[in-house]
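The next block holds one structure in the form of structure tokens; read it before the comments.
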Amino acid sequence: MDKGIFTFDVLKTIRDVFMDVKRGFASDNNSGIHPDILAEIQKVNTGHTIGYGDDRFTEEAEELFRIILGNETEVFFVFTGTAANVLGLTGVTQSWNSIITANTAHIEQDECGAAEKYSGCKVLPVDTQNGKINSAMISKHLYGFDFEHHSQPGAVSITQVTEMGTVYTPKEIKEIADFVHSYDMLLHMDGARLANAAAFLDIPFRSFTTDADVDLLSFGGTKNGMMYGEAVCFLKPGLSDNFKYVRKQGMQLASKMRYISAQFIAYFRNDLWLKNARHANNMAIKLAEEISKIDNITITQQIESNGLFVILPQHVAEEIRQSYFFYPWNEDISEYRLMTSWDTTESDIKGFVRLLSSVMNR
Amino acid sequence: MDKGIFTFDVLKTIRDVFMDVKRGFASDNNSGIHPDILAEIQKVNTGHTIGYGDDRFTEEAEELFRIILGNETEVFFVFTGTAANVLGLTGVTQSWNSIITANTAHIEQDECGAAEKYSGCKVLPVDTQNGKINSAMISKHLYGFDFEHHSQPGAVSITQVTEMGTVYTPKEIKEIADFVHSYDMLLHMDGARLANAAAFLDIPFRSFTTDADVDLLSFGGTKNGMMYGEAVCFLKPGLSDNFKYVRKQGMQLASKMRYISAQFIAYFRNDLWLKNARHANNMAIKLAEEISKIDNITITQQIESNGLFVILPQHVAEEIRQSYFFYPWNEDISEYRLMTSWDTTESDIKGFVRLLSSVMNR
Amino acid sequence: MDKGIFTFDVLKTIRDVFMDVKRGFASDNNSGIHPDILAEIQKVNTGHTIGYGDDRFTEEAEELFRIILGNETEVFFVFTGTAANVLGLTGVTQSWNSIITANTAHIEQDECGAAEKYSGCKVLPVDTQNGKINSAMISKHLYGFDFEHHSQPGAVSITQVTEMGTVYTPKEIKEIADFVHSYDMLLHMDGARLANAAAFLDIPFRSFTTDADVDLLSFGGTKNGMMYGEAVCFLKPGLSDNFKYVRKQGMQLASKMRYISAQFIAYFRNDLWLKNARHANNMAIKLAEEISKIDNITITQQIESNGLFVILPQHVAEEIRQSYFFYPWNEDISEYRLMTSWDTTESDIKGFVRLLSSVMNR
Amino acid sequence: MDKGIFTFDVLKTIRDVFMDVKRGFASDNNSGIHPDILAEIQKVNTGHTIGYGDDRFTEEAEELFRIILGNETEVFFVFTGTAANVLGLTGVTQSWNSIITANTAHIEQDECGAAEKYSGCKVLPVDTQNGKINSAMISKHLYGFDFEHHSQPGAVSITQVTEMGTVYTPKEIKEIADFVHSYDMLLHMDGARLANAAAFLDIPFRSFTTDADVDLLSFGGTKNGMMYGEAVCFLKPGLSDNFKYVRKQGMQLASKMRYISAQFIAYFRNDLWLKNARHANNMAIKLAEEISKIDNITITQQIESNGLFVILPQHVAEEIRQSYFFYPWNEDISEYRLMTSWDTTESDIKGFVRLLSSVMNR
């Protein structure tokens, strides 16, 4: 669950009350599967194929990744975003390395310590207000090289779109990459919402990944209309030589791989990914516009993707959350997160804003 | 890939030649999704639900498990059979325990050392010809208790159906369970093909799991018509208190959980699981009958489920495998494995046997 | 090597130039073994004893720990301070816990990520200027309880004496302990220089460990005149039930245990530990006094133990370090660390200060 | 504790009764420190040295290892034999490798699963009656190369002297090495009793390690008169590039390293190691000769080092063990192990045999 800081009591409420919710703004992973994706699964559901990825659907999907991210790309499908991050990073580090990342990052806040447990690495957080980090922030952790008492800085992990809904420009990414490479370290990108970033930047995936010298990418699809399935993409040669063992030992090798591959085929066909992401982003802008019209609500982050962070009176939030569930982000300042999705409708927004407005003005 | 011993050269052939195969006898995971399962996925694909399992489909599926396996059952869905085995065992052991299992077991042969890497435990194999172990075999590893130099025997893992296609009776399981419990150890069952065992024994799941005093069960569905999704079932109270953390840190918590849950709902409805498993088992018997009519082919294991082990001349196998792919099991004795599936047809068998017969008699 | 931030180039100089140094102020672990300790080793070096701690010297040493720290104390000897910290923490946490500590702590800076690799836990640093943390600082990491996406706060680790030479009062420790316990977490103390703290506070060990409700203690002796050997002390019942397995699997069970035990026996006899620590502390005060007389040198931390942090012109430091080796601490502000030891003499201080003074005034 | 199979009850007896024993035949690690070793520790105990191995004593000891084992040797001191085995193997494997070893090996029986926990590798045992393995035995585990479902065979570990007291010839080792290298695997030697092997073979260490193409060696000294300290020796270039991080993260970097180094300096001076090992071996032969004169006692293994395995009536063993403690090895056949040591005297043997004889003939 990607979210920030909330307490047990709030959480308990969620679990007790919201077993099945109407379409709301809790998370883009609360949405379902896009019909085109499901249709593709149905289409490949015929006859037998060799398991574990030695099938022609997987071959086709892999080829699509090479077209999109460059010929050097080596791609490995896994089940979850956590697995993509953790196994990918494990594949390019040694246990005595450190991994530097934003304090808001999924690997720092939301993966129950999976990176440390599996890779053995130390994860070093960098304070950030908007989810973005830069070389100056990273550099505070860059010392002790060659000194065996100190975890050796091995990789930097950035998130695109960040957990705060903000987006790195290609230039910002390239600058981090160059900086990181000057220390013989690698740059990983957690792309759980990569499509939303591409839609916002309005450029191809490649321009802000491979071409910005990112080494390793967790390419997500689940939050943008897929059922499940993420891709660990090694963008430079030589990084993935043994990754097939890492994935299998990491419990993430799918026997019926064609059903992940088929989803990616449909995802890329006719730019479905872009339509979905653009729609979600547009809905966030729309939602922000409508909310802005209500007095006494502060929007705390730039709207650069499908997330919206707002400061609301707590009692208002509590009341709205009975009808439309969403997560608190930072309870200290009564900040909440609203996420739009590929299936959010203008009517959803209208209904939500109407309720919010009426409660605020009561 | 569940199979035994084969060399790289054979494997390379597979990968080069068989990108997309006709329905054959390579593995039950080469088959697709049963239409009823896919229909159920489609059915629940509407609106939003809270992610990560806090939805009513997951609640329903969990309830079904309690009905089937007993009210004490705590069930956690994961993506793969390897994950079900490894995380389940991790949940009930300490790193200084040993886990005793058949030398043919999936955790010993086919999971790339995931159990050792993740749980930290030592896995101790027991020699077996037919995949089944018993208390006498297990006892050779039972010493050194309380002696800190020695990994403390913590769990026994048996596989039902075994990798050799054989099936434990409830009595055999109960005997192992009693023996294991007398040492304060736990009994785990790898049930990747649990349905085939139930179909063969013609008794409910519960009779040879919970009622036979199994503590922990990996309940598989993928090999019997599901798309993906396995269930870690704790059958005794108190074993799963912290397992939600183990699953998340183990990278196996599904965000869109409803699509696993829905599959299990359809799997249990109208005993779909039983129809599928019974069919596969019957097809194996049929295949064995037909093969028996051909001279000079030895069937090496009892047909108790959907697997068939045969000794064939190597050149014959090579030739057949051009048309119907299947795996060598033990190359030293020219033994091969044939697996039937929920979707195997009599016509598939007829075609295969006709070819085999003609090559053998040439 | 306990020290802060320095670069490879400085380090290289150390290794090339200082193979064998005169008595200086680099680290208290550069000093040798106190003669009484070595004499005790010699004394027990007669005949055979059962290995691995089942001997009467170990029994005697363990009894001394119970006398000193309380009857509930369970003590396990290991070889290094890193092992005492990491294995102790491993013994009282689960891999999905987090461990909160000062950003200066040894487990954060100086153990090459051993805590993460071995325990699997996430280590969460807290910013601190003087090495001491308090409940307000700790509380920023206390959220997400019962939420499986988030590493569960499991333990807090404080260092006594801190890496900055400062000392917690018993009251400060008790306050942290109470706070930590109110969250069902445990309090660990890294006591690599515990004797120096006791000498400064002028109270028994017990007053600021067991009686201040510390749960788990790494009790160090190496830096205060022992050859090697540290003690993991569990101060509350029920914490150490399985620790003998943790220690053995953690590669830290000594076969000839009597030679660690004997050192502790001599260390406690006639308060040798106290004489050594008091002397080192007094030498630090003396050194500070003398240095204060030189213009343009800033002492940056309170002198509460045997460490002294000073800001010197870099070229001065470089020159002095040719004769008396010591470590830079924070190169950004030209801060250096000077450590006194049980064997530091007034003459050592005189010689050092004379040189420093002459270089400063040149 | 190196020994075979015994039960808790026996163990409890040990712990309760034998807190401090006379010189007996329980284990060579029950003996003390040779006076020359202790004298060397005393000798280097003067002034300060840089910690963690950057001192001239460590430099000298390392140079001695290069003289003895060859110029390519890279040596790293650690505290225990378990650590030498586990960290050395970790340094040359990946977690998805398997390590093949004798079922009697220390890493299989006596290290509480440290190899699996720390390296993540699967340890695959090979059955052996006399502790020695060969290429034919190893080959049963050599399959599944390049197949990601299967742990990739990465290293073979042999023990010299074996746990059964037997010794590999240089030719036998070279044959295993050649075989292992033909699979691109590495050969590790657990040399906890390496000196006893050299003494038996009457050849230099190098002849059956480096010259026999061993890649990696755990060089032990503790069982042959040292206080503590073992050496991980990489015998081929390129294997140890990152090992300094492995050792530190593995909690095995000694701060006061000179006290390990000094022991090795004394150990090698004037062939002290050889005198000690030869003496122990000769005492084992003497003991065997004397025991052979008693009727109804079977010696089960060749006497090739300082260990003796005998079958005795259980009640006899029980009675003798009240006076001279020793370990049961295989209780099923009433087999016991007797170890001689560098400090065993002819009088010790005489006293023991006299008692044994009188109990047997009663």
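All chains are identified by letter, namely A, B, C and D, in their written order; residue positions are counted from 1 within each chain.
Assume contacts are C-beta pairs under 8 Å (C-beta built on N, C-alpha and C of every residue); 3 or more make two chains touch, one makes a residue touch a chain.
Fair warning: this is a prediction, and the values are worked out from it, not measured in the lab.
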| message | Just to be sure I understand: going only through chains that touch, what's the smallest number of steps from chain B to chain D? | response | 1
| task | Any chance you could check whether A-B or B-C wins on number of contacting C-beta pairs? | result | A-B
| field | Distance-maximising chain from chain B - centres being C-alpha averages | value | C
| message | Measuring centre to centre with CA averages, how many angstrom lie between chain A and chain C? | response | 41
| How many Å are there between the centre of chain A and the centre of chain B, using C-alpha atoms for each centre? | 33
| Which whole number of Å gives the spacing of the CA centres of chain B and chain C? | 51
| remark: Note: chain B residues in touch with at least two other chains are 1, 52, 95-96, 111-113, 117, 120, 148-149, 152, 245, 248-249, 253
| Which positions of chain B touch chain C when the two form their complex? | 52, 94-96, 120, 148-149, 152, 242, 244-249, 253
| remark: Per the touch rule above, chain B residues touching chain A in the complex are 1, 14-15, 18-24, 26-27, 29-33, 38, 41-42, 44-52, 54-56, 59, 79-83, 86-87, 111-114, 117-118, 222-223, 227-228, 245, 248-256, 259, 325, 341
| In their shared complex, at which residues does chain C touch chain A? | 1, 5-8, 11, 95-98, 109-113, 116-117, 120-125, 143-152
